[in-house]
Amino acid sequence: MQKTLEEALKIGKPYIAEGACASYIPELSLANKEDLGICVLTKSMDCYSVGDTKKRFTIQSISKVISLAFALERLGYERVFEKMSMEPSGDAFDSLLKLDTTSDKPFNPMINAGALATIGYLVPNTSFEEMLEYTRRVCMDPEIIVDKKVFESEMSHCARNRAICYLLQSKGIIECDVEDTLILYTKMCSLSVTAESLANFGLVLANGGRHPETGVRLMNMEAVRLAKTIMLTCGMYDGSGEFAVRVGIPSKSGVGGGILAVVEKRMGIGIYGPALDQKGNSIAGQYILEHLSKELKLHMFDSEA
Amino acid sequence: MQKTLEEALKIGKPYIAEGACASYIPELSLANKEDLGICVLTKSMDCYSVGDTKKRFTIQSISKVISLAFALERLGYERVFEKMSMEPSGDAFDSLLKLDTTSDKPFNPMINAGALATIGYLVPNTSFEEMLEYTRRVCMDPEIIVDKKVFESEMSHCARNRAICYLLQSKGIIECDVEDTLILYTKMCSLSVTAESLANFGLVLANGGRHPETGVRLMNMEAVRLAKTIMLTCGMYDGSGEFAVRVGIPSKSGVGGGILAVVEKRMGIGIYGPALDQKGNSIAGQYILEHLSKELKLHMFDSEA
Amino acid sequence: MQKTLEEALKIGKPYIAEGACASYIPELSLANKEDLGICVLTKSMDCYSVGDTKKRFTIQSISKVISLAFALERLGYERVFEKMSMEPSGDAFDSLLKLDTTSDKPFNPMINAGALATIGYLVPNTSFEEMLEYTRRVCMDPEIIVDKKVFESEMSHCARNRAICYLLQSKGIIECDVEDTLILYTKMCSLSVTAESLANFGLVLANGGRHPETGVRLMNMEAVRLAKTIMLTCGMYDGSGEFAVRVGIPSKSGVGGGILAVVEKRMGIGIYGPALDQKGNSIAGQYILEHLSKELKLHMFDSEA
Amino acid sequence: MQKTLEEALKIGKPYIAEGACASYIPELSLANKEDLGICVLTKSMDCYSVGDTKKRFTIQSISKVISLAFALERLGYERVFEKMSMEPSGDAFDSLLKLDTTSDKPFNPMINAGALATIGYLVPNTSFEEMLEYTRRVCMDPEIIVDKKVFESEMSHCARNRAICYLLQSKGIIECDVEDTLILYTKMCSLSVTAESLANFGLVLANGGRHPETGVRLMNMEAVRLAKTIMLTCGMYDGSGEFAVRVGIPSKSGVGGGILAVVEKRMGIGIYGPALDQKGNSIAGQYILEHLSKELKLHMFDSEA
């Protein structure tokens, strides 16, 4: 396994040159484009790491999975999907298009409109501290904190998210205060994790929400199932369909460079590689996952595994 | 199992009243809205049937799975996806929108634009007879033939598909004769199958492309994997995302009333119920599959199964 | 002439039943739907009035013409159209669609996005008091003031305009404070005018920007020409094209029920009728203008006049 | 006047370098990009010409004005606009977007969808010969014929127009044979005119449809008024709004390089310059018209003329 990871790292490296760090948030553009790390945690709690797996970076959109699961546990399925769909949209993560034309609902909770709506539902019902606590628990990483520089940088460059929020408010989807929503959303995006934290979280999801060692339930099972399904259909922005075909592992990427991947019943995978492709996914990370999927037969429909 | 199916049938029945037979093709509107049948074929070749499982109906969009697999075997992945994406679009099955705005490619092979492109690639490289032969083999049903009434009815009401074809031609995606493409496409849609044929085909797919008894390879393994993945993300038109969450079984519906469902490594399911919802999916069929998924723990992420 | 106006009023009246007062701003929905008034002021300063021509109502979108002219005078053509087009869009007045897809510019200054951008350019360069002064002058109506109830009602129901502003900010089009922009925009919309004020303003525009009696220049000639042209192509929201054909008089409507109409070199017309059609134009007002155009040969291409 | 035209030609010339001949129809791409000609015919029948005003080129989209007027005369307003709007769309001339989303009608008769619908209404009610006869009459040019090379070139590159036709058929807008529609449409586009023919036609329109010398009615007055209005709002493709502001003369361009311009009650202008801008309008032609508008005070709202 260790060898396979080293190989995968070597295969991913050259693609870094074709990518670029997120540029629309100044603080993110300062990341070291060359960083790359892979962490795999298996069901038997064997942990394999290569590269920059202990380096902290901000979780960004991967927090959408956490917020969704948390909202499902706290508010229930009916409330969360009362005014939100769960369809992949084929549009970019920050698109307003379908929200304002085809439908009057955010298309799914993995794009900004849907994630902001989800946070809007949570604002009157929780606190950031509770959500941080939940995040640390499911990532089995007590050191997760808000990266204040990134948080402040994002808050001062969030006009588009603010526009999405007010559009949601105008449609009666966000009913609480928009600024509170933006702050909570941006705090969740600014949590600093490592490839290891993501591998941990991945294994919890792969294990149906139970702690892989103790068997203690950390997440509600229905929330876990729903999260994994939506990661599969919508987790890699408007590249989700092709990623499902080529890799076949429910995954969620963030513009901080992280990818969370969940191999059902078998392992969690965390990747860090801040050079992104045009859709906002870690470019090396995707090639690494494709390689691992092939070598380790991780595709969900790899019938001869 | 037999009891579970009977129960599922009873649960699905009442929803028929909310649906309607496809109206845009006169011949399809003549179907008996009350028909309903479920057939399950397990890996051990046990076959369970309730309701109208031997009644013939036209395969319609489910043929898109067959044409895609056939094209992948005949032409290869590179050729098939040279000018086509594999992203779910969130738009209706006959949408021109994304084809003419966001992208210059059909979004995926499960919507009309993509399926017509796929057929267009095949026209110079195969004959209908070969495709019929292939269909009969993978459905393990030698009696499949073209329903001539439906074929003719569709050919005289296909202005929109013809428009899509010429748009594809104008973009250099269809290079062969448009009328030949339309005829081959419509013939494939007009093949008459039964819920049993679909259950057979489902089991072949669940089994990685091998005949479930003899182990003989009927379909290329990569084609099978790709087909199942795309069924999962795009198989139920613009309801695919929600269906994946609630049911979690790769499926493909057709406006003839059929649904093909593939439970990885375990079973094939065929359903016939011509009353459709607004997206074009068998309305009772979806509730039946949701019930079966829950009762038999068929959801792909049912981690505690 | 007086008789023709009375006739026109009679022709317009019955259409009121098919319209409705603007509902999205509570205070506007309180208007008396049955109100209807027409005022015509000719170049020789003959004034003809029928119906409710002295009743005050809020100017709403008609202020877009004033803000545009004022911005052209204050900032110049280059600055105003640096990041804005002047194309009719065929979309509704509050559409975000084209702003976020086809183009990164508001399509024209007569839709909300363009008017908000225009106000955003003015915020650092003027005060509301100056704009009020300008409005009173060009409308030859010193009694125009802000209707506070409407202003407050609009400010508490402007989530969509706020969304548009932040979207404009995210694209670098609005560079000043968004709340300042919204307040100035909404104040301008809340100015209370009469059908007479609009007829006055119309005559000033018809007269190339000069006071019709004294000949003193009240508005810059280029600004007047541009305003009239854009009223013609974009002034009646997404009904502008048909209105130009049927009526052929540059006009601008507001959801307060007003219509400003400019008969080149001949007269100004002001109408008040708060029952609106689905596009947001005074329903009776349009039929009245169509009748006047026919009877008085006011169509710009009425070659045999 | 002659001097002004020579000046205008000199001003337009340098812009040719920034344009290009239409490339999507092979035969059009063979035009001599450097050609440029202006012809002005005044109400008193004084004719001024500079440059290539006797060179034949194909009329292309300018024929949309003729077909519209002819259809209005032959079929009446109600029939022509039963399933077509008259709104500028802000989209490109060959767009399918609005036709398939916002509305189920072509937006206006100056874009391909609307012009094809118009021709579709005419097919069962007229012959090409009648339309040719009408064209020769209103252009006062008996030598107009079909340019066969262009016609054939266009017929073999019309997949997109064919797609539009079938989409119109699928919506019940075109009810006659699509191929007949395409042939008649393409024949009308392939008529060869000169800048002089266009100036003649422009003067007839400026004169309310009467022969400028004899006073004999050549066109129905309502048709003329409607045609001029729609030229103003929609005649220069998605550049119509800006053209109306800067030039203020109802005009219609064609990708053959022609522009027809109508100065109400005063003159007709014909221009030939096959180097086009990105929207499909003669690039030098537009600058020439802007110059003439300024020098000769031709803007419709030039109040101090």
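To keep things simple, chains are lettered A, B, C and D as they appear, and every chain counts its residues starting from 1.
In the analysis below, a contact is a pair of C-beta atoms (placed from the backbone, for glycine too) under 8 Å apart; a residue touches a chain by one contact, two chains touch by 3 or more.
Bear in mind that the values here come from a model prediction, so they are computed numbers and not experimental data.
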Shared chain contacts [chain C and chain D, defined touch]: none
Angular offset of chain A relative to chain D [C-alpha, multiple of 5 degrees]: 180
Centroid-based (C-alpha) most distant chain relative to chain D: A
Computed distance of Cα centres, chain C from chain B, in Å: 54
Between chain B and chain D, centroid-to-centroid distance (C-alpha), Å: 47
Centre distance in Å when chain A and chain B are each reduced to the mean of their C-alpha atoms: 31
Chain B residues counted as touching two or more neighbouring chains: 101
Chain contact graph, described as a line, ring, star, complete graph or other shape: ring
All chain pairs that touch each other: A-B, A-C, B-D, C-D
Interfacial residue positions of chain D with respect to chain B in the complex: 95-97, 100-101, 159-160, 162-167, 169-170
Residues of chain B defined as touching chain A within the complex: 85-91, 98, 102, 107-108, 206-209, 221, 224-226, 228-230, 232-234, 238-242, 244-245, 248, 250, 264-265, 299-304
